[in-house]
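Going in written order, the chains are labelled A, B and C, and every chain counts its residues from 1.
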Amino acid sequence: MSDTPHLATGDRETPTIEPPEPVGGLDDATSRREIHDVWVAGTEEQEWVRAATDEGAQEMLPEAQDAAATIQRGTAVDDDYIGEGGADEDQRQILNMGPQHPSTHGVLRLHLEIEGETIRRVKPIIGYLHTGMEKTAETLSYMQGATNVTRMDYLSPFHNELAYSLAVEQLLDVEIPTRAQAIRILMTELNRVASHLLWVATQGMDIGAVSMMLFGWQDRETCLEFFEKVTGLRMNHNYIRPGGVAADLHDGWEDDIEDLLVRVSAGIDRDEAILNKNPIFLDRTRGIGVITPEECRQYGVSGPIARGSGIAHDLRKVFPYSGIEQYDFDVPVGKHGDVLDRYLVRIEEMRQSLRIVEQILNTMPAGDFRTDDRKVTPPPRQRIDESMEALIHHFKLFTEGFRVPAGEAYQGVESPRGHLGVYIVSQGGARPWRLHVRAPSFAAVQAMPVMMTDLLVADLVATLASADPVLGDVDR
Amino acid sequence: MAHQAHVPGFLMTTMDKGVNWARTRSMWPASFGLACCAIEMMATGGSHNDISRFGMEVFRASPRQADLMIVAGRVSQKMAPVLRQVYDQMAEPKWVISMGACASTGGMFNNYALVQGVDQIVPVDMYVPGCPPGPQSLLHGILSLQEEIMAGTIRR
Amino acid sequence: MSEEQSTTEETTTEGVEDAGSDRVMPTDENLAALACEFASAEFEVFEATGASWDIVTVSSDDYHGLVAAAHAAGYTLFIDLCAVDYLRRTPRFDVVVHIESISAGKRLRIKIGVPASDPSVASISDVFAGANFFEREAYDLMGITFTDHPDMTRILLPDEWEGHPLRKDASVGSVPVQFKASYKAP
């Protein structure tokens, strides 16, 4: 698989590129699916509503066309179920799903009020993985803090560390070398690929394509091998730290990346070959779990879910961080807001991430992998043997930690699940006064009743998987 | 050689060894994924590490059909009653593997929200260290548990 | 649109001085009407890498109205709501809201001081439906009540939990670790 046309970067100077090749099964005349792969500044402020199609699925319609359609508006359930239901109480029953359930992606619990097979109301109940990380963060120094946040969203640990480190660096006001920035982008974009691969695996498995489970994990292992070589760990790396990264890339990382690009992009091609023509997959995802752009904005839903609904919003473009604006990539945006569009958006995002990785491979700057600001960075190892001051400095840095000027900072990064934000309040000490994490999955779980109302119970599983919630991120 | 084919073959062993061998070779885990360790547990079940080499690939969603509970991840105070209920629903004989630092001791999260070690709720047969333990670590834990079962009696 | 924004931002990072008073006006002109409408709103500018955006501190009486006005001014994307405990400060708590205007490419941080004697503010879940869970989280962990919230119950901790663990006067709740001889109870 040396011919990977979508990875070629030379002929893509302008952001306007030709639409992707239509994939079989998706381009029949009646239901052609396109993913715009052109970044659009701002978004069309058109009002969309959800409507039921004749086939029992849902679709998004412009508000002007909705006269004949049955408009559905999803609502969050606020009350408890006792005494609820009124006249048709006999027809409804409560179904408890989770927290120990194979399709809830962890320990999410859903209260379903169902009428036959149709879901009438959903109430997500969370907190079964509440770890008290925001409290623990107040007891750890800024240097130790990365070990804490990396365990929040355990499928994208690099993004957690990056958001945390950038927020601390905002307060510290230190200059990060360009090599460290490039390494950060390299690792986070590979992490996005690994996370989306796992999503394809679990989404496929949840709706019956068990082979996706095996293929997805296989490709993810390719990424994890590289992570393990660089950071020493497969997950929870604690690699990106305030001031830079923990260690430089190993010798011969270029060969590893080249090998990885070939293998993973071949894997993505194969995943598409399996799913895009699969009638069962298409029937189970098309018109399922629709959420409109307005609902996305209302509920703070971001990332691939919002982009699948047509919101052209990506923090890497809107509020660029860590020098990502110098790389050339497109943001895929869907049109229909259903599970299938989220799948297509994620597949294209993986391709774009690999594009960024290839650009970094060609343009990796030389230099230091962490800042030389001695306030933040420990002295090099050989200096400790030579100098008493360096030894004391090293000791102080790792026992007491460095002090961060008082203030507050907010940093958002585009994690595979959407807008991951870290809000830090410092009062001048060596530990954060308050660390709050704005978790993308938290907002996605909140919007689940909107996506799931009036679906069938079997479609709930597809919708739940498409939202890609990570419960460690939700509960923290 | 030909006349030996008429002799019915037999095998001598103790009841303990025979039953234990059967138990270890078809130990079905309950899929009790909680946090980061659950991802590594799933990776162990994936194609790369292939837990089915040890007769254990059948992750059961229902605790009624499972022999082994792999507590994969941090156990919060809110989750603890659920975990105990799942354990109680499993049929005897049953074993528990505490996977990872959080499940074993609370790990780095020594705070209000977490149960500091799942052995406060359920009896644990094998602790697997790591944060998270890699698939090889988990496989080693499982093989060690199999050895322990083989060495024991069939009292339960 | 975003190109225009990025050029104007660099020149106005200090905030536009309002003629006639020394009040700092927001960098986003869509918010200028808000500054006039709500007397208690104090604007300042937050500068981060790549962007600068507005911070507004507002009294709890004006809070709901300001959020609704900001929503009408284009800040339709809900980002975040959290509470901060400053312990020795008066008022003791801050409720911090982040919202974003996609069309302007700007964020807005809204801060409301909440006194310890009566830790309650108005709920904005009628303006932003997404604030629902975030307000429940702030109630659960910090003990701030949001009036007119449709479901002011605990969200992360068990229902029977007592206290609010993220408050500074609540202990971490750690248990002693045996091998640490020098362990000090918090």
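The working rule: a contact is a pair of C-beta atoms (placed from the backbone, for glycine too) under 8 Å apart; a residue touches a chain by one contact, two chains touch by 3 or more.
Nothing here was measured: the structure is a model prediction, and the numbers come from that model.
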item	value
Most widely separated chain from chain C, with each centre as the mean of CA atoms	B
Interface with more contacting C-beta pairs, comparing B-C to A-B	A-B
Chain A and chain C: spacing of chain centres that average the CA atoms, whole Å	24
Centre-to-centre distance between chain C and chain B (centres being mean Cα positions), rounded to whole Å	46
Chain A-chain B separation of Cα centroids, rounded to whole Å	31
Residue numbers of chain A (touch at least two other chains)	127, 130, 132, 135-136, 475
Residues of chain B touching at least two other chains	77-78, 110-113
Chain C residues counted as touching two or more neighbouring chains	156-158, 165, 172-173
Chain C residues touching chain B - in the complex, by the definition given at the top	156-158, 161, 165, 170-175, 177
Interface residues, chain A side, partner chain B - complex	99-102, 106-107, 127-133, 135-136, 147-148, 151, 154-155, 198, 213-215, 217-218, 220-221, 224, 234-236, 471-472, 475
Sites on chain A touched by chain C in the complex	41-43, 45, 76, 78-79, 126-127, 130, 132, 134-136, 138-139, 166, 170, 294-295, 297-301, 311, 313, 318-321, 325, 409-412, 419, 421, 423, 425, 433-434, 436, 438, 442-443, 445-447, 475-476
Touching residues on chain B, where the partner in the complex is chain A	31-36, 38-40, 42-43, 46-48, 59, 61, 63, 73-74, 76-79, 82, 86, 108-114, 131-132, 134
Chain C to chain A touching residues, read off their complex	1-3, 46, 48-51, 76-80, 82, 84-86, 96, 98, 102-103, 105, 107, 109, 128-130, 132-134, 137, 141, 150-151, 154-158, 165-166, 172-173
